[in-house]
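One structure is given below, represented as structure tokens, and several questions about it will come after.
Per-chain residue numbering starts at 1, and chain names A, B, C, D and E are given in the order in which the chains are listed.
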Amino acid sequence: MFDNVWLIPLFPLLGFLINGLLGKKIKNETVIGGIGAFAVLCSFAVSCMTILKLLSLPGEERLANVKVFTWMTCGNFNADIAFLIDPLSCVMIMIVTGVGFLIHIYSIGYMHGEEGFYRFFAYLNLFMFSMLLLVLGNNLLLMFVGWEGVGLCSYLLIGYYFHKKSAGDAGKKAFVMNRVGDFGFLLGAFTLYWFMGHNFNVWTIQFTELGKNAHLLPTGGVVTVITLCFFLGATGKSAQIPLYTWLPDAMEGPTPVSALIHAATMVTAGVYMIGRMNFLFIRSPETLMVIAVIGACTALFAATIGTAQNDIKRVLAYSTVSQLGYMFLAMGSGAFAAGIFHLMTHAFFKACLFLGSGAVIHSMHHALHHVHSHDDAQDMRNMGGLKSKMPLTFLTFLLATIAIAGIPGFSGFFSKDEILWQAFANPHHGQLNYLLWGMGAVAAGLTAFYMFRLVFMTFFGECRITPKAKDHLHESPMVIVIPLIVLAGLSVVGGYIGIPKLLGDLFGGIPNYFEHYLEPVFRLSEEYMAEHAAHGVAHHSVALEWGLMGTSVVIALIGIGIAFALYVVNTSIPAKFTATFPALHRAVYNKWYIDELYDYVFVNPCKALGRFLWKGFDVVVVDGVVNGVAKVVMSFGGIIRYMQSGFVYDYSWSMAFGVVVILGYYLFK
Amino acid sequence: MSNLLSLTTFLPILGVLMLLFIPKDSKSVLRSVTFVVTVVTFIASLPVLIGFQNNADFQFVENVPWIAAGPFAMRYNIGIDGISLWLVILTTFIMPIAVLSTWTAVEEKVKEYMICLLLLETGMLGAFISLDLFLFYIFWEVMLIPMYFIIGIWGGKNKIYAAIKFFVYTMAGSVLMLVALIFLYFKGTAAGMTDFSLLHFYDLRLDPATQTWLFLAFAFSFAIKVPMFPLHTWLPDAHTEAPTAGSVILAAILLKMGTYGYVRFAMPLFPDAAHRFTPLIATLAVIGIIYAALVAMVQEDVKKLVAYSSVAHLGFVMLGLFAFNEQGITGGMLQMLNHGVSTGALFLIVGFIYERRHTRLITDFGGLSKQMPIFATIFMIVTLSSIGLPGTNGFVGEFMVLLGAFESEIRWYTVIATSGVILSAVYMLWMFQRVMFGELDNPKNQKLLDLNAREIGIMLPLIALIFIMGVYPNPFIEKMQPAINKLIAQTKTSSVTAQLPVDQVLPAGHPVVAPAPEQNPAAEQQNVPAEEATPAVINPHDAK
Amino acid sequence: MENLNSYLTVSAILFSIGTIGVLTRKNAIVIFMCIELMLNAVNLTFIALSRYLGNLDGQVFVFFVMTVAAAEAAVGLALMIAFYNNKESIDVEDVNMLKW
Amino acid sequence: METLFFAIITLVAIVSAILVISCKNPINSALALVMTFFCLATYYVMLDAPFMAAIQVMVYAGAIMVLIVFTIMLLNIRVDATKKHSHKILLGSIIGFFTLINTVYILMKSHAAAPTGPFTGDMIKQIGHTELIGQEMFTKFLLPFEITSILLLVAIVGAVILAKKKL
Amino acid sequence: MDMITIPAVNMTPIMPEIFLSVLAMALLLINVFVPSGQKSYIGYISFIGVIAAAVLVGTGWGMHVESFNGAVVQDNFASFFKMIFLLAAGLAILISDQYMVREECNHGELYPLILFTVVGMMLMAAGTDLMTIFLGLEVMSVSLYVLAGFNRENRKSNEAGLKYFLLGAFSTGFLLYGMALTYGATGSTRIADIATFAAQQSLPSSNVMLLAGMLLMITGFAFKVAAAPFHMWTPDVYEGAPTPMTAFMSAGPKAAGFAAALRILLVSFSTMQADWSQLFWVLAVLTMTVGNITALRQDNIKRMLAYSSIAHAGYCLVGFTAGNPTGTAGIMFYMLSYTFMNIGAFAIIVLVGKKGEPNGNVMDFAGFGFKHPALAVAMSIFLFSLAGMPPTAGFIGKFYLFSGAIQKGYIWLAVIGVLNSAASVYYYLRVMVYMYMKEPTEEFDWLQVSAPIALSLLISVTGTLVLGVVPSIVLQYAQEAIKLI
């Protein structure tokens, strides 16, 4: 049925191999970029066919495991290279290949003239391959392969400008933090495998099998441990508290990378993973609560930092962290479909935003370069008034911003509102729900604020670079603009496939297609939830729902209003504000000093410990003991040596002494 | 060909004889001859691989009397099973690479150098194929000599200290093993055995107290070789000082002697004790993993860093072996091969830059990627393999080890050990970043040449293996599986009996030869009295 | 005849005195004489035992010991002369080029 | 009477032995040693071994001691000139003392084998000591006797090699 | 009064001794007529004589003949040791010539003296009467005193001879006293009679006289084999004596001491094994440890080998402690191996030494390895063998020695032994460090390697390796020999 699904990851792999091995010889950028983009296009095509095929099946049959070959078997452990086709993975491959393809196209323009152009496309294709493995893998191990693979590509792409120290550092940080997550992932996988096998004799790591046997699992207890481990993995990959700090730094990479990896696809892998293993997470209310709380906290926390950043990409980065927080809030509330939905819409608008910012930076960089200025092309304080210079970019950017701000009618509204509602109404966390909702709503307001702050600072007002440079600012080439337009369009309309029930009812019973589509994946969990909900399924009135929706929209509008007031109407206020609360501003501007905290708590002690173990323990104690024994022996040698005095009477004395002792011992013993 | 193994093992000796007749000034001839000899040895070992049947028996067995005097009878008894097969192949595979690696680096005393390498190869192969404990010990010790010279003569600044440390350390361990070996033999003769054949000793059931002591002696000796914390300090010195080929061989093969010793001797011979000391070994392994990683992190010398990473990797191997289950031991075995390939490759890489810059200090480098893209790529792949990225060989081994260990009793150790994957990423990537990334600001580095054809040629097979073993490890696993299952059976059956009251199974102080476990598992369950359970010593090979 | 033990005791005393001499004297010749004293003590033991046992083996042994003593005296004194030729001393304090 | 005689001889023997180790002048030591040898010869006579006594006097007191005295004279050594190391003497004496204790203890505690041999005092007197010794030496101990010839040859050769002025 | 009739005796058991004695005497006579430049010929003749004697010994293998009224015996045990002595003598003769010529003391008497020493040692090994053993020992010792002081122009040689003499004579006193007490306790000097007597005792070790006699004899032999604390003469004498004689002394007399001690203890005092094993346990530990630890700090290579020789005696004492066939055959095998490897090593030292400073320093070996590769390889083989590395004779020897101890249950003794052997590696390696890993401080002169030395090296290397790889060929003889004693 889905026999050719293995082609989906294969194409990017081929693209990677061709570009990676021969790219240096090819030299021609069009060809290289073409190969890269075409590979993804092929994948996209196959993905489309796959999803169409899937949709043609009745709901219950929308599931297929396609085995390619046996990877490793050992005793009761078996891992295949096999792919899982179900609605969830299909939506993911669509997002990945679709958005990925657009970004590839964009990159051809954006990366024009860069040294190592081929390298970039090779990595990008490798990333596509890994990401597709991640979403398609039908077992934990294969997912882990993709999981680590995307981490690697992220590392490579962040460190693309490897001659910059900051880039290298950022790449390493990303990888290591991801590794911390992977540590959790591995532990979770081990525990799950062992627990299922040992107790229920289900030795498997295959998702379908695990799902089938999930009913054997108890609620809480070990499952909580397992799921927390997995969630640790997710926090690393998806930049949640406490492992979020790598993502803003990851902006050292080229902008398309930020768009593709650090906004649209890779960072959502954690969300996907939780969705994939919903059967597990649903069985641990504690974990769900942890997820929800962390999601909400991250959403809020990252949003606060986002308000004070001046680097255009960093704002977006914190925004991504914050939006990922929303997704986790959804997952933690048991609203898996909502989380995935937000994942999708976020992929559209955030990709659009990043690409748009890339276009701006590209243009700025170009302009600054022309006048030999060393001003930062990414600093919003250097921008302003770009809307006239780059109208298309501005338009698409604005649409995406509106979408993310949650203005009704745009995709972000539908998904975000669904999440907030689920956070409020879910049956898991009891009174905590109100707090979660509140945090989400505040974060939504902050999101609106900082996003519009960004728009206003960048596109409105006076241009703050030298007039000479200003003349060199112009709209990007079509190869860059077209993806922007497509993504902006998706940001606007993408939400309509998942209209919340409330609104759907309002407009004549339009069903929530998306939720319906994902139902086969989450049905069992939802049934389970219905049975086991900790606080019973609360029935809230429609009015309440409306009220909440309205509130969140109002909060968003307030945010926009404040941004407008501060950055368009009276631009001096922010400075005054900063002057009034310097400590607060400094704290927010410096990301609440979390990086420094980590340095003090983890990194430096580790290094110090390492240094101590090396110089103190290894050299002094261990080697000291070894060499000490040798030295003691040697010095004994010295002592005994000097007993060999050279005098005959000493020698005869020693002999006589020997005789006396021997005789004495035997005679008087 | 029945004496294929002997041929493979002693081909290098033939090579030595050839080298003796080549004048010492014709260096390229010396190098070429050595290279050809090692390649031929590799080719000679391929039929072994191809002809190997996937079962648990020892194959290509040769068994002829050797020494017989007094209470002893030693035999030239060799053969391989799935466990040793891959190590033999690894050895023959690494050797040509090692020879090539110092093609230009060793300019002095080439003849002696090549002779040492070839002698070393014979020693290593011999140790892997010996089925006679005495023969094994001989080869085990013989290996030391050429390695000692390789480190001591062609090594770096501090070579003498390193060489002597290496030698005395290892020697101190192995002599204790010798005592244990002899003691074991007498235990065996008391039970009616007549020679040192390993297969007979497998069937020997020792009382737990004896096992404890013997195990400790064997384990100590092997632990030094592995090396396990805290007996590892010879390794960084030896590695740092050794010439590239020396480091490669040391890392790729010699260290495997220790772990191989555990698999082949310490665990199946003394299963009860092995189980009893599992917590200790696991603790040391875990400490080794974390400790070595932390220490590696702050190293200033690339080679030393890699050396410490070896300690950490072998900690994983040990952890896997002492999981006593299929995944763990398979993982451990795979990890041995992986470590051989990737750490060997890392040492080669360090050798490449050392040859160019004559320094190994991390701070002397930076930004090499720009100047040496091919090198950068290869280095990156090897680094990733070393930190166990999925898709590379390192992952398969590490994963299996952790999985196996997690399934066994040493679960909690595994949890800590797993954090080693974080640390390994930290120190390797940090090193990689400092060496390869950043500004190319050191003028000495700005004229570096990228790898030449020879160097790429050396690395390619290793890179290929990294991926092959990472993507399709099944052929490797399949060949070793039966042997590992047998090993597990050997360790398990005894621990079952160990749970029974000892005096029921064994009359005090009278170890007996029990029936081979797989033949008569039921008998043991029923506590057959010792007298009845003493058929003549089973020797499957005499029967053939 | 006095009882055996008297003789043996005397020989033991002489033997010990010889030992003390070897240990305390510095002159090689005197040391050698002390050794002769020890040998003589042993000879006394032999003969006394021989007489007591009614077995002449011991006396024959003494005969050989005397021969040995003579041979040793010849060689030993020759060695001392040779040493003296080089060093002008036979004090064992001076016999310590070789040490440690 | 015999006991008294024995006591006197013993006294002389021990005193002269002490003189051997205490005289500063080697010649005096040598003379004291000769004295001891004579005492021993006396003992031998008392032990019905006249032949041994004769040899003792001739070989030991005569030949060997003459050789020693000759050497002392040749090397012109007079006094044990070097300073005394009192601690050496003390330590030496302690060890010697313990040797004495040990040996005496052995003799006190031990008992020799029962007299089994055929050679009683009367028999020796009857046949003649010399003949009996000869009988023994040329039958039972022929080989050792022959070996002594080699021993002496070696000693001669050795002495010549070591001490001859010019080889 | 009857004439004394000298009984008809069977000369077969002492044919080699007679042959060598006659040869030695003949050579002494011939020596007078050989001009001083051509004394080497006496050496060659002696060497041939040694080979002939070895043939004589060899033909007697397997026979068991007692002779001289039980004073001497020909058995495999004796023959085995005689072979060792002959080997040691042969090798020593081969390496003597070049050395003696260089040091200008090439007196023809050297070779007859070596032969006499061998006669003495043979008598020790073959003697079954305390008197024979004692006289054999004295023949050996007296010759050795002379040999140690042979280079009479050299003060060190004088000193070595004098020290050896004084201490040797002193130890003879104890040995004799022991023999006297044994005689007194048992009424006989025949080893077999003593054994019979001891066997009749219900508790032989409670017979204080017998016990003391045994202990004193042990101390006497301990001196000969250089066991601590009776070892202190060894380094000085070995250092001072002419190198070839050091080589000879380290192998031959030690073996002879072991031979005599083995025969006396295993035959006469077999019932008191518990007592002497205990003593040897301590002696072995002390000897090995003192020897090895002190050797660690030596720079003079001869002195280092002297201390190492003490340590090797200690290893043999391990086998002695065991006192079982494995251990004792181990001693025999080890002494043979030791003869090969140690004399081989000394041969190299002979070559490296220069006139007037024949005692090589370890530093003198700097750069030796690549200047003289063949010699260096030979030296490495000897050193590895001494260190007990396979596949050399030294390893097999140690293996059997320690096996004996383990078989007997002396695990800790074996452990101490092997640890010692591991420690010893350090100083053997040190020589190799200088040979291979240090640059020469001064230019090497061309070393003259005379044919005899080359031959001796060839024999030593072959012996060391062959005994290491196929030790059965000798071990089985050792096993046979020890069975019959």
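In this section, a contact is a pair of C-beta atoms (placed from the backbone, for glycine too) under 8 Å apart; a residue touches a chain by one contact, two chains touch by 3 or more.
This structure is a prediction, so every number in the text was calculated from the model and none was measured.
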Chain hops separating chain E from chain A, counting only touching neighbours: 1
Target chain D, source chain B, minimum contact steps: 2
A-D or D-E, whichever has more C-beta pairs in contact: D-E
Relative to chain A, chain with the most remote C-alpha centre: D
Chain centroid nearest the full-protein CA centroid: B
Separation of chain C from chain E, taking each centre as the mean of its C-alpha atoms, in whole Å: 25
Distance from the mean Cα position of chain D to that of chain C, given in whole angstrom: 7
Distance between the centres, which are taken as Cα means, of chain C and chain A, whole angstrom: 96
Distance from chain B to chain A - Cα centre to Cα centre, in angstrom: 39
Multi-partner residues of chain D (each touching 2 or more other chains): 88, 91-92, 95-96, 99, 102-103, 105-107, 109, 112-113, 115-117, 140-141, 144, 148, 151, 154-155, 158, 160-162
Two or more partner chains touched - positions in chain C: 8, 15, 18-19, 22-26, 28, 31-32, 49, 52-53, 55, 57, 60, 64, 68, 71-72, 75, 79-80, 82, 92-93, 95-99
Junction residues of chain B - those touching two or more other chains: 168
Interchain contacts (touch definition) - all pairs: A-B, A-C, A-D, A-E, B-E, C-D, C-E, D-E
Touching residues (chain side chain A, partner chain E) in the complex: 630, 633-634, 636-638, 640-641, 643-644, 646, 648, 650-652, 654-655, 657-659, 662-663, 666-667
For the chain B and chain E complex, residues of the former touching the latter: 66-72, 109, 112, 137-138, 141-142, 144-145, 148-149, 152-153, 159-160, 163-164, 167-168, 171-172, 175-176, 178-179, 182-183, 185-186
Chain C partner contacts - residues on chain E that touch it in the complex: 130-131, 134-135, 138, 142, 145-146, 149, 152-153, 155-156, 158-163, 165-166, 169-170, 172-173, 176-177, 179-181, 183-184, 187-189, 235-237, 239-240
Chain D-touching residues of chain E, taken from the complex the two chains share: 1, 4-7, 9, 14, 21, 25, 28, 67-69, 71-72, 107, 109, 112-113, 116, 119-120, 123, 129, 131-132, 134-136, 138-139, 142-143, 145-146, 149-150, 152, 161, 177, 181, 184-187, 197, 207-210, 212
Chain A partner contacts - residues on chain B that touch it in the complex: 165, 168-169, 230, 232-234, 236, 291, 294-299, 325-327, 330-331, 367, 369-370, 373, 384, 389-391, 395-396, 399-400, 402-403, 406-407, 411, 414-415, 418-419, 421-422, 425-426, 429-430, 433, 436-440, 471-474, 477, 481
